[in-house]
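Next up, some structures in structure tokens.
Consider the two complexes below, in which chain A is the common component and chain B and chain C are the respective partners.
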Partner chain A sequence: MINNRYNQLFNEESSMLLDIQKLQFAIYDLSLYLDTHPNDPVALYKHNMLTQQLQQLRSTYEERFGILSIMGNESGNTWRYINSPWPWER
Partner chain B sequence: MNIINIAFDIFQYKLIMKGMKILYMNQTDNYEPLVPYMPENPVPGYAYVPYQINPLYFNNINEAFVHGTVFPELVTPYSEFFQRGVQS
Partner chain C sequence: MFIYEKKLQYPVRVSGKDVRMAQAVLNQYGGADGEMSASMNYLTQRFSMPLNETKGLLTDIGTEELGHMEMVATLFKKLIEGATKDELIAAGMGGYYANHETCPFLLDASGVPWESKYTQAKGDPVADLYNDMAAEQKARATYESLIVLTDDPLVKDTLRWLREREIVHFQRFGEGLRLVEEYAGRQKYF
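Entry: the complex of A and B
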């Protein structure tokens, strides 16, 4: 029962992290394009739209699972940053 | 001329005074690329990268993530080359 709940949470966290990565990738790709096309309104619109989505997703993730980087704002009672695995533990 | 236009003119003037390039943004919001698709006088034997103009975008972000780009025209189907083999 506890294991199932843990697995469910872990899957949710992983899928949210993957979504964040996808958004970050798209924003990065668009920003590369905007470096050479700074006055393209379509690209600017898409960049702003994805940035807003990323901001929302990041805040939702950080509320549920803790901050993504040490620059984040911990909304819980404990410092959940240390709960995530270290790079060599993944 | 409203206050926004005046503020924008002052902003542009400050940039010019600093020696910075002003990006062309038409008042009618029509997008005009900063450079042409290819140079006006291409030199034979030189390599040029065609400039992207009004590119298409993947609507689905998952698809863009899989292909490694948000622009469908930049998807290079390397796997097809592997499947059919290199032609001599």
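Entry: the complex of A and C
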């Protein structure tokens, strides 16, 4: 029972993290394009849309599972940042 | 400054341990054309870039390469984890294990340690950007060799993704070079 609940939570966490990774990758790739095309309105628009989505998803994730960077706001009463799994342990 | 994000840029998965492949992928960690060399190249060269476009580009690609180092190190760790004594010795990794156990270390696939001679910073933006375009092509070629060396579809997936990034970076550096050459033409300082 406890294991099932743990697995379910871990699955939710990893699928949410994957969504964050997807958004961040799209934002990163668009940023490299914008570095050499700083006046492209379509790329700028896409970048803004995706960063807004990321902000929302990220704050939901960090509230539930802990912060992804030490500049985040730990809303719980323990420093969940150090919890496993670390990126190379997934 | 740099702030750590507790996630990989792209997931790294393996079907199982493969010590020979672990040794091969180390080439993209501490090899001449590996991610360490790429990152140190770009993050250093940006100090002599004349244009904001190329300052941004070298900063952002240099930062992404740090993330690729983390991915390659993760791939190494997952491929070597749980290897038995016999598997390590059969793959020629006994000496490596004696020195580093299963921790990734900055060596190429033949065991040569990383050195700053692998990087270039001429202080000349045209020379540096040509160097960077060549570096991306050499890294692409290495990833293609690594893809040939494995049958694991999950390892291939990660390597294919890293190979694609080299192509995107080559494209962006080419655009940066064009901007720098246009700028240099306007200056007429020769």
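The rule we apply is simple: the second predicted complex is superposed on the first by the 85 of 90 C-alpha atoms of A that agree within 3 Å, B and C clash if a C-alpha of one lies under 4 Å from a C-alpha of the other, contacts with A are read in each partner's own complex, and residues count from 1 in each chain.
Definition applied: a residue touches a chain if its C-beta (ideal position, glycine included) is under 8 Å from a C-beta of that chain, and two chains touch if they have at least 3 such contacts.
These numbers were taken from a predicted model, which means no experiment stands behind them.
Looking at the shared chain after the overlay, A:Ile20 reaches chain C, while chain B stays out of its contact range.
In the superposition on chain A, A:Pro87 makes contact with chain C only, while chain B stays out of contact range. Contacts of A:Tyr33 after superposition: both chain B and chain C are touched. In the superposition on chain A, contact is made by A:Leu68 with chain C only, not with chain B. In the superposition on chain A, contact of A:Leu57 is made with neither chain B nor chain C.
By the document's definition of touching, of the two partners only chain B reaches A:Val42; chain C does not.
Comparing chain B with chain C, the partner in contact with more residues of chain A is C. In the superposition on chain A, the residues of chain A contacted by chain B and by chain C overlap at 21, 25, 29, 33, 36-38. Those residues of chain B that touch chain A in the shared complex are 23-25, 29, 31-34, 51-52, 54-55, 57, 61-62, 64-65, 69-71. Remark: chain C residues 3-12, 53-54, 56-57, 60-61, 64, 70, 73-74, 77-78, 168-169, 172, 175-176, 179 touch chain A in the complex.
Those residues of chain A that touch chain B in the complex are listed here as 21-23, 25-26, 29-30, 33, 36-42, 46, 50. Across the complex, chain C is touched by residues 17-18, 20-21, 24-25, 28-29, 31-33, 35-38, 67-71, 81, 86-88, 90 of chain A.
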